[in-house]
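Think of it as A, B, C and D in the order they're written, each chain with its own count starting at 1.
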C-alpha cells in the first residue's frame, strides 16, 4: 500500500433516549456541522459510506430516503450493513485504491425511541434453529460467554460490578453519554434487575438515539484539511464460526486474528505497552476483560487483577472505554464509529473530563456484531 | 427424449414474523402540513430554496441540492402539465379490473417537483404526456389531503 | 492503483422460483464451490469475503454471520454491503476495492436471494411504509381513488410512470417493450441458469399477457427467483497463479451515484423524472468511461448487461449509458440481439431471472463470461468481446452502479 | 430556527417469513421425532457436529457420515436465565431457567439446551446429564424437551 489514510474530522450527536429531531434532521444537522468545522462543502467529499440497517430503521433499503439528508444527493454512495467500524474500513479501502481523496462515513440509529434493540439482535439469529429453539439471544449468549470467562479466570461478581461502576462513572464525565452515574456503587449494580447470570441490567448496554460522522482523507488531502490528522495505522477484521457450541467464547479467535492483522500493519509487537487507550464495543461489561485479553492489552487470565488494581480506569495503566462505552450509550450499529471517534478525541487530547492522563500516541478502537461478538473489527489509530 | 425432472424434496418449514407495530417512526412532514394548510385557503403552497430557487411541492423545509434548511413559502399554480401517467388495468395478480383508474404525476406551473394524484377522465386512452391538467379541490376544504379530489384535464 | 481481474464465476445452479429442498446457506454454498472449482485457488487463498442481499426479504439481520461456515468465511474477514437493487454490484465493487486497495490479493464476492422464504411484495412496500402511513395523519389519501397513492408506491406502479415517460421521450410505443421482452425471454432460453426461459418468444406472445399498469404487461415484469452468484477477484500479480484460464476479465472501471427517490417520494416532493436518470447519464457513466479510458463507448464496447427489472428498462438504460442513440429504433433493426452490434442482455436479463441481491452481480458475472468466451448454452456473443459494460439500479429508481470490464488490464 | 411538523407513523402490518430447514436439519428433526439425537462427521477433521449441517467451516469440507449420539453428556457451561425476549421486549420469566451447553458423548460441538431436575443454586459444570424427550414427538426442536442429571 503506497497511500496513507487519516481521519481528519469527526462529530457525534448527544446520545438520548429520544432525539428532539427525527433521524433525517438529526443526521443533517450532524453532517452540516462537521462540514462547517472542516470548512468544506458536500462537493468536496469524494465518496459517502453509510452504515445503517433495515432492521434498525424498520424499512427496506434504509438509506433510500436518507441520501439527500447526508448531503449525498447526486453523489457517490455505498452502504455497509454491519457495525459501522466496517464502514470506516471500506471508506479507507476506497481511498487506498486511489479512486478517491476523501470519504465521509455516516451512521445513525434510533435505538432509544424507534426500535427495540433486542428484537433487532434476535433477527441476527439463524431462523431455522436458534430462533425456533428460543434459548440463545443476545443476553444468554453474552451470559454464557461471561460464565465461561469467570470460571476460567476466577473473576468475581464483585469485580464484574466494579467494571460496570467504572463505566457509569466514566459516562458521567462524558457530556454526550446517556446513562451516567458519578457515585455508582457495586451495590447498585448487584441489585439491578437480573437478566441471565452473571449479567444484570446495569452490566448491559444502554439503547440510545444517535449518530456519528467521520471524515477520512488521503495523506495529501489530510494535510490540507487539518493540522492534526489521526492516522489509521493498522486495521484488521475477522469473523468466527456462527455456532456458539463450536467457539471458544473466552479465547475469541476472530478478535485475536483481527488484532493480529491490525498490529502487524501498525508494526506493533507489544500492544500492552504501545496502546495508550482503547474504546471497545462491548455489549455487556463482562466482555471488557475478555476482549482486552484477546487483544493482548492485558495478559491471559489477568482480568481480575486488572480490575482490582483499577488498571482499566481512566487514570489506570490500560484505560478502556473512558467514554463510558456502550454501557453509557449504545445506538447499536453506530457503536463502532463512536469508538473510533472517541479514540480520535483521546489522541487529539480533546476529550476534556474523560481525557486519559497521558495523551496517548496510539489508540485502539473496536467494533463487533453477532452473538458473543462473532465478527470483530480492530483499528489502531495514531498521531 | 424429454428429461423427466425429479421433484425437489420438500423439507420442513418454520416461520417467523417481523411485527411492524414493534417499530415507531417520526417523520418530518413540513411539506404535507404546508400543503393541507394551503388547501384550506384553496391554494397550493410549496417551499422555495433561497439559494438555488428550486420550488418543492410538497415543500419540505430542506433543499437537497443545496443541503440547507429552507423556509420561504410560495404559492404555485393549480395548473400544470402531466409529466407521466399510468392506468391500472389489472390488479396485482393480473386479473382485469372494472374501474380503470389513471394515476398521474403533474408538474404544476411554478414548481420544480411533481405532484402525484388521480386523474378524472372518461377514457384513459386520451391521456398523453404533456397534457394540461389542474388540481380539483372540493367545495368545502378543511385542511386534509382529502381536500384534493383529483386532477382534471383542462 | 492495482489492476483487478475476475477469474471465475459460480452460480448455484439454475435460478428457480422455489427451493423447498434447501435452506439459505445450502442454496448459496454450491455457488461458492462452483466458483472455486474453476480456479487453482484453495479456500485458504481467499483473503476476504464480501456478501450482500436484501435483508428484509428473508428477515435475517447480518445473514453472513449465519452462513460463515458454508461460504468459507469462518476465520476470515467478511464485509457486508447492501444497497437495495444495486446490492450485487455494490458487493462486487466492494470486493474490487478490497483488492485494488492493496489490502487483499484475493476477494470472493457473493450476492444471493431466496425469494421463497419471504414476501418480496411486502418487502418492497416496506421501503415507503413509514412515509406512506404518515400521510394518513393528514386525512385520507391524495387523489381519492387509492391508486393515485399506491400506484406510485408499488414497484410496478413506479416503473409504469418511468416506462411511459421513457416512451414519450424516445418516441417509442408499447410494442417496442413487447419486442424487448420477447428478446429477453428468448435469450434466457439459451442461458442454462436463467429462470423464465421461453424459446423463440415473440412480441405477440408477450402482447397476450394481461396489462398490469399501462404500458406494462405481466410479460414485461420480472420473476422472483432463488439463486446465488459468486465471483473471485484477484490482483494482477496473482492472476497467473490462481486463474485456470488465459482469458480473464479485467475490471477497467467502477462507478456509482445516487439521487433522492425518483418515484414514490410523496412526502418530500419528487424532483426528478424517473426516466431522466441524470445520475447515470451525466454522473456515473461519464465517470466510468473516463476511468476505463473509453472515448467512444458505442464503438469500444461490444456488449452490455443492464439491470432491467421491467422490460422497458432494457431499452432505456443503453441510451442512458451512451451505448445506443435510440433503443426503440435499435430493437426494430435487430441491433440489440445476441448477434447484433450492441447485444443487450444475452443472458435474458433481470426480467427473466431476478434473485434481487444477486441480480446486479449477475450482470457483472455475465459480462465477464462474455469476455472470457465462456457463456454457456448458446448465449455467447459471436464476435470477440473486448470491452463489456454491466449496470445496476436500485432504491426508488435512484441508485445506479456501473462496472466496465475488458480483456486487457488498463495501463495506469 | 423554525419549528418542524413532526408526525408519528405507526404501521400495523407484519412481514411473514417461512423458512425451509434444508436437508440436514430435516433429518435431524426426523431423528428427534424418533427420540434420537443425530450428529454428522466432517471427513477431514473428524469432528462430530450437532446440530448437523452440510459444511464444516474449519475444513471447508462437506460433512458426510451421520452418527446417532448417545443421549448423555456433560454440562460444560451454563447460565441462569431470568428473562425472555418477546418481539424485543425483555420480560421476566415466571421462574429462572437454566440454559446449558452440553457436550454429548461422541460429539465435538456443544449443544445448547434447558437443564431441569436441579436447582439453579446447585447446578455445576461437570454435571452428567441425559436427554429427556417429550412423550409425544412432532418432529420439531421442542421434541428434545430438556436435559436432566443422570441419577
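To be clear about the criterion, contacts are C-beta pairs under 8 Å (C-beta built on N, C-alpha and C of every residue); 3 or more make two chains touch, one makes a residue touch a chain.
As the structure is a computational prediction, the values presented were derived from the model and not from experiment.
Once subunit A is left out, the chains joined by touching do not break up and remain one piece.
Between the chain pairs A-C and B-D, more C-beta pairs are in contact across A-C.
Computed from the mean C-alpha positions, the centre of subunit A lies at a distance of 34 Å from the centre of subunit C.
As a whole-number value, the distance joining the C-alpha centres of subunit B and subunit D reads 48 Å.
Rounded to whole angstrom units, the spacing between the C-alpha centres of subunit A and subunit D is 29. Note: centroid distance subunit C to subunit D, computed from Cα atoms, is 38 Å. In subunit C, the residues that touch at least two other chains are 19-23, 56, 58-59, 68-69, 73-75, 117, 123, 126, 129-131, 134, 137, 260, 268.
Contacts with at least two other chains are made by residues 4, 6-11, 13, 15-23, 25, 57-58, 87-88 of subunit D.
Residue positions 21-22, 25, 55, 58, 68, 73-74, 115-116, 119-120, 123, 127-128, 132, 241-243 of subunit A each touch two or more of the other chains. Taken as a contact graph, with one node per protein chain and an edge wherever two chains touch, the assembly is complete, since every chain touches every other chain.
If you check the complex, the residues on subunit D that touch subunit C are 7-11, 13, 15-25, 53-58, 60. Listed in rising order, the residues of subunit A touching subunit B in the complex are 21-25, 28, 32, 41-42, 55, 58, 68-69, 71, 73-74, 113-116, 119, 123, 127-128, 131-132. Residue ranges on subunit C touching subunit A, taken from their complex, read 1-2, 23, 52, 54-62, 64-69, 73-84, 90, 93-94, 97-98, 100-103, 117, 123-124, 126-131, 254-261, 265, 268, 278-279, 283, 291, 394-396, 398-399. Those residues of subunit A lying in contact with subunit C across their complex are 1-2, 53-55, 58-61, 63-65, 67-68, 72-82, 86, 89-90, 92-94, 96-99, 120-121, 123-128, 236-243, 253-254, 257-258, 261, 369-371, 374-375.
For subunit C in complex with subunit D, the touching residues are 19-26, 29, 43, 56, 58-59, 68-70, 72-75, 116-119, 122-123, 126, 129-131, 133-134, 137.
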